[in-house]
Amino acid sequence: MALLSIENLTVEFNTPFGAVYAIRGIDFTLRKGEILGLVGETGCGKSVTGRSIIGLLDDNARITAGRILFEDVDLLRLSDAAMHEVRGNRIAMIFQDPATALNPLFTIGAQIMDVLRAHRPAKRGDLKTDAMSLFADVGLPDPAQMMHVYPHQLSGGQQQRAMIALSLAAEPDVIIADEPTTALDVTIQAQILDLLRVLQRERSISVILITHDLGIVAETCQQVVVLYAGRVAEKGAVEAIFAAPQHPYTRGLLAALPRPGSRGSDLQVIAGAVPSGLERIAGCAFAPRCEYVMEICRGQQPAFSDIKQAHQSACHLHETFADA
Amino acid sequence: AQDRNIFVYAHPVAFPNLDPSAGNSNENVVMGNVYETLTFYNAPGSAEILSPKLAVSWEASDDSMTWTFNLREGVTFHDGAEFNAAAVKTALDRTIEMGEGSSWIFGMIDSIEVVDDLVVQFNLLYPAPLDLVLSAGYAAWIMSPNAAAQNSAWFNDGNAAGTGPYTIASNEPGQRMILEANPDYWGGWEEGQFDTIVFEISEDSTVLEQMIRSGDADFTYSLPFDNYAPLAQAEGVVVDVTPSFQNLLILLNNVKEPSNDPLVRQALSYAFPYDDVVASLYAGMGTQSRGAIPANMWGHGEDLYQYSQDLDKARELLAEAGYADGGLNVVYTHVASDLDEQQVGELWRASLAEVGVDLEIRGLAWEAQWDLAINDPATAQDAFGFYWWPDYITPNSWLYGMFRSEEEPFFNLGYYANPDFDSLIDEAEVISGTDRAAAEAMFIQAQQMLLDDAAAIFVVDLPDIHVIRADVSGYVNNPAYPHVVFFHDLSR
Amino acid sequence: MKVEVGSTLWFLLRDRAAVISAAFLLAVALAAVFAPLLTPYAAQGMGDPDLGSKFTAPGIKHPFGTDGLGRDQVARLMFGARRSLSMGVLVVVAAMIIGTPLGLIAGYLGGWVDEALMRVTDVFLAFPPLLLAIAIAAALGASYVNAVAAIAVTWWPWYARLARAQTLSVRERAYIEAARGIGVRHRVIMRRHVLPNILTPIVVQGTLDVGTAILVAAGLSFIGLGTQAPYADWGVMISDGRLYFLSGRWWLSTFPGLAIFLTAMAFNFLGDGVRIAADPRLRRVL
Amino acid sequence: MPEPLLRVDDLSMVYQRRAGLLGRRAQQIRALNGVSFSLGAGETLGIVGESGCGKSTLARCILRLLRPSGGRIRFDGDDLLALPDEGMRVMRQRMQMVLQNPFSSLNPRLSGFELVAEPLRTHTAMSRMEMADRVASLLAEVGLGVEFMSRHPHQLSGGQAQRTALARALALNPDFIILDEPTSALDVSVQAQIINLLLGLQRQRGLTYLFITHDLSVVQHISDRIAVMYLGKIVEETSSEAIFANPQHPYTQALLSSTPVPDPAADRQRTILPGAVPSAANPPSGCAFHTRCPQAMDICRAQYPAARFVARSHRVSCHLYDESA
Amino acid sequence: MTALTFLLRRLGLSVFVFIGVLVLTFFVSRVIPGNPAALYAGARPRPEQVAAIKVKLGLDKPLPEQFLVYVRDLLDGDLGESYHSRRSINTDLSIFLPATLELVIAAVIIALILGIPVGVLAGAYPGSVFDYATRLAAVAGVSVPSFWLALIAQFVFFSTLGWLPLGGRVSRDISLFYPIAAQTGFYIIDAAISSNWRAFFDALHHLILPALVLSAYPLGITIRMTQASMLEVLSETYITSARAAGISQRVILFKLALKNAIMPALTVVGLSFAYSITGAFLVETIFSWPGVGKYVTEAVLNVDFPVIIAVTLVVTIVYILVNLFVDLLQALLDPRVRLG
């Protein structure tokens, strides 16, 4: 059942050098209770996608096309007030660096109570109990103590747990987690990812997990969307994609990873660089770097191939295969 | 309480030192109403020069070396102490002993003797007109013996004990002082006299002007000259213009190049725009000086030479002095905050430019200006804007004060040195008590020497300009007591 | 703060207030420089009296009226601009030249050098600035140059502080460590790597400060410690006119006051513009 | 055995951090606590460890950008800590460093030419022409064209910036380069390019690398040997192969199991370590890892385990191996 | 570390600054040309008098010795005597300092009460008409010459509208019939504690215009700093995360963001407060406000250096205290700042 579906979302930014085409029309669907990984290299539009959903794009952004359907309501058409109701309540967000995502001047307790208060007026006593139970849920030690603790007094992992507690406060249906573990150590990362999985399982929350780490996607997600230059290159079930990546970009990415036992050998590289957001792209965005590039790739943007329902790739190669 | 009869004096500066022995500045406006002197200098034009105040009569020995004063009976100080010869001695001895302010005017006093309860005798070191000296607006005040035992700080905290018609009721430093009538004043009280006097202090002449215009104040002075004419048109306001004993000079440096050359000094004098200064800066209210001594003072010479602006003559003189092609630089200093002095310089500069002299105008604090002049004549300014007024009223004040040669000049800041001049004024001073006419002739002759030498530029005899509300009667300006209003004389 | 000159300029040009301000300042500067050509009353601008037209109210002949010596106020303002503007700029430049190296050295070297320099700076900062300026101007004697020196003495500690704060943050940048790793000498690092990277905020601050410096200089002139007669700067003009202000000669103080006000505003708008344009985080304002 | 190129003995470093507003009270941070290793010419040693374990401090101490509080560093026979400042400055020609974030390690005000020429300017008396030639060939060596001479850092992509930084490090023909997380800030595809470049350069020039990272998969790809650090100490050191095949220290094991593997089918039995890395300002007693160690014993709380060889060139500091030693 | 030890340490550090200022002022004031002995002697003294006074005041002694004497008196709490007014400086300051503080505090309160909300809103809606209007107002505030503004204000509110008095602290009627019993020297407070309401409102009435004029600069600065740091704070991730959590704009602006944004504004206002104490003198002169600024300016122009030094020291102490207060406030607001 599609909880959230993005249709042809297109986002531009005004800058002194012209429009930055951050997202060039993407489609994907998040189902209830699943973790969807949004992967791609720097600048490919992961965060912009996340912020579009929750309606917190920078002031110079323009959504030029597309719909974001949440339970069949187009979030892009909601009034400010209505969108305000959605935020936190239905869709929540976690950020990359917990150290900067928590207000340094308020205790963790105060911050979570602000969120609770924003969503249902209640007596202070209730709020406090609720806050403490949330802290317990995310595995913070000594919840009562947490009420009086400031963010800087916590370790990075604890900060991220607090941030997750904050996002859970209003019992949202969807959590968008924008690189929630990039700032953390691997051992701590493992803890946080574990926590996300537990929450997803126990509360059947849907999660959009933004990351650039294919390993994390492989270990955590059910679905994956691979972005390249503001477009979806490939999407589908995690097992399917990792087992048999279809898009040359996805293949390149996987191949570029150093693996145990490959010591000293040259890694496979994807030649060239990601196109600038300032460029308009006529054909396939990956064409200039693609080893299988064909004539058609430069002129025409590939549509999704219907490899299987659960696995789609936007590449002419497959069309050729399909035609052939 | 609102039925009090209040007189408001909008005053341009705070009162620096309320100690009657030491203060010799603007606080005289308070002193003159709280304390009294033995004798009183009458406003010019009166039949007598002096009239009795705390002394009812006095006489000098023939050699003017011993003076005996008979004191007024039945006078008490504000603090209840009795006024008598002992009090006079205590008060004046205190002043002389402290040696501050204008106390030097008593330099001739050798000793003061209490002859009788109400008779006091002064023994002098050299002959002098002591009756005049004791009428001075500074240092000659008689305070109660109890007060005399106090130090300056006591007075400056707002305490006072004199014999005058008013007492200090409250003092808000820098802002306001309130005087109240002394009901036991020996001069008595009549209907319509003021029982409360308020000094409103504001350094800002704009404020003073607004106060007098709106009727918020009854009296003020020190407005810009240009503002009096429009003010005189205002309803309920009288602008009272009378000659003062104050004049403005420009002392020229008599020892330093180039102004050590009398020709140059004369040229500078001829280049000065007297008419413009008098007519424009002083709005026609002053008069061009004729010699050093102002017109309302004996010793003034109506026939003395008066420089007038003559640029050709100035050029000739400069050429004669060797400055035919100009190239002369002259530094003129003035008190930085004094716009009149500054503009005198600006006008003079424009004229000097025409005869090839470059005038540099420098505004300084008075202390700095004085310091510059006194340290070393060789580095001193060439021209020094300078106001003079007498401490007690004698023509010699100008001549001795500014032009008599001194070992270490103090106010002879043009370093004028002329032995003939010195001996002339010294002799005149000695005979002034006995032969006024001869002395006057000698003072006039001495001034002619100054003019011949162009020792200074005698710019303007300044007027006293006071603005007073029209409904106040009894006001007469007395330049001997600058800006002092004797409130006891007034009524509404 | 990484500055891209191109985009900074682009943003600056989009800031209408900054552009108008720059144009205004340029006009004032040109009027000051070419004053003798622009006014028929050049001599009056430099102090010559014309008693015949004393206290003329604004009119065709004298758009801003004349003063107590009959001098055309437009000419006075133009010549006064030379002093007022240059005083503001010189104060800031002098303060920068003194303060920046001290702050840089203190911040870069740290330790007791820092400690000593900063304590001295503290003393100067704790000193009431206007009072210090007045005292110094009084000590040196009233004049244009001395007023500049006096104000600069009170001003440099701000730049020392700013330069030090900036240096402290730049010092932590990896490229400083990288340069040290290469073996570059401290002197060279300070000059080549630190200085250029701390300069932007200092220059921005300088632009903002010129307006304030003009105000302070006007304050000194107002009490007679600045420009000396017969010349005038705007502060002197306000001061000279003040006595007549409420008695009907309103034009004397009003116009020089406006001149200072507008000029200081223009410097502030320009400085703000540069600050915003040079700092990507603040660009949202535009 | 020949003298290794770099030999670090019992190196320790204590930062005195001034605490509080007045900074009167010093806080001691033991960033390095008795680190020893040696590195032969042409070899690559990888250092892995979590944030704050002292990796960068180690790098700075070796280059003497910091003065260690104890221990010895010998480089090609010279005692670096005994060199006078000027001698060390000259010595830096032979040892260079490339830092994590290419953008912040390049002065934004300088052009590519100025950046790469800076070491030449500092240590040689080359003319500008000579420098231009040299810079061009260096840029070519790292795969950049001459047009990059005039580019400023903000005009570069991450990979290009890191290449520029490499060219700069190579300018003086050093023997030894410390690479402090040179690829952490880069995308996978770019990371691969840089790793290939590093490998290529090493082959051509016979460079010796000290490669610092927190990413096990990267470090094993490039290193001959790997040292795992935890809180200022090397807890395990062995060959790149052995670390995956046969990790001995519980921390190494946990690290391995926490590292995500890009293979959903991989067999996953994670050891998730509880708690956070303790602060270096206030390290636990005994073995610093005991607070998180799944196999902690009483002795671990009391005593730091000495390093032992569990196999040839496989060094571990853990009480678990006390008997076996 | 307790607040008390923090305070003590800070004060200890301040002593150095204080001594520096003392030394600097002492020597700077002595190089101002002029003759203090002559000043002491009065308007037109005789040379003998001046010489005697020089000895009496110890001005004939070498500078270091004069300095030691001064410090000794200072340690006794005696700031000396004004050469010009011959009053005890302690007494003078007890009158003039509260007058100035009353004015400056009023100005700062106006600036904060008005400036902070305006700055917050301007920072929250960049590019709006309100933002532009606010920027204009803020820049105008910091650019207007206070002495000129004072003249214009008098012209408008006194001469033209007649709403407010021209100057002074209280009306004559109050001095005559409802005198304020001086306790703190703050007329408003003194009048209030003695329930002298007529005097209270009169003092307030006199305070409005000079306080408004004086508040122009701190108001401009407050708006500007608040606006700028709001802008910065609002782009922080924690604000985005608060928005994402659905917290209302009002709470975000006036609670979450403001607490982060307010410190820079308070810091500069604190500084401008300390500086206004002497900087206010032009305004004080124009409004005939008997304050410290006017007092010390006169002292400088008269070379009355006991006053110059005393006022400098007092202002330095105020500066140090205000800084200390701002630091404490920061420590109070920001848990990351430890009072160590």
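A, B, C, D and E are the chain letters, set down in written order, and residue numbers restart from 1 in every chain.
In this section, contacts are C-beta pairs under 8 Å (C-beta built on N, C-alpha and C of every residue); 3 or more make two chains touch, one makes a residue touch a chain.
The shown structure was predicted, so the numbers you read here are calculated from the model rather than taken from an experiment.
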Distance in touch steps, counted as few as possible, from chain B out to chain D: 2
Chain pair with the higher count of C-beta pairs in contact (A-E, C-E): C-E
Mean-CA-position distance for chain D and chain A (Å): 32
Separation of mean Cα positions, chain C and chain A [Å, integer]: 50
Interchain centroid distance [CA atoms averaged], chain A/chain B, Å: 90
Centre distance in Å when chain B and chain C are each reduced to the mean of their C-alpha atoms: 44
Where chain B touches two or more other chains at once, by residue number: 206, 210, 336-337, 364-365, 368
Residues within chain E bordering two or more other chains: 32-33, 126-127, 154, 159, 286, 301, 303
Overlap residues in chain A, where contacts from two or more other chains coincide: 59
Residues of chain C touching chain D in the complex: 2-4, 173-175, 177-185, 188, 192-193, 196-197
Complex contacts: residues of chain E adjacent to chain A: 126-127, 236-248, 251, 255-256, 259-260, 333-336
Complex contacts: residues of chain D adjacent to chain A: 50-51, 157-159, 187-193, 195-196, 199-200, 214, 216-218, 220-223, 240-241, 244, 254-255, 257-266, 268, 270, 272-274, 276-277, 292
Chain B residues touching chain E - in the complex, by the definition given at the top: 1-2, 4, 6, 8, 14, 16-17, 19, 22-25, 99-104, 107, 152-153, 156-157, 170, 172-176, 178, 196, 198, 200-204, 206-207, 210-211, 336-337, 364-368, 370-372, 374, 391, 408, 410-411
Interfacial residue positions of chain C with respect to chain B in the complex: 47-49, 51, 54-55, 68-69, 138, 141-143, 223-225, 228-230, 240, 242-248
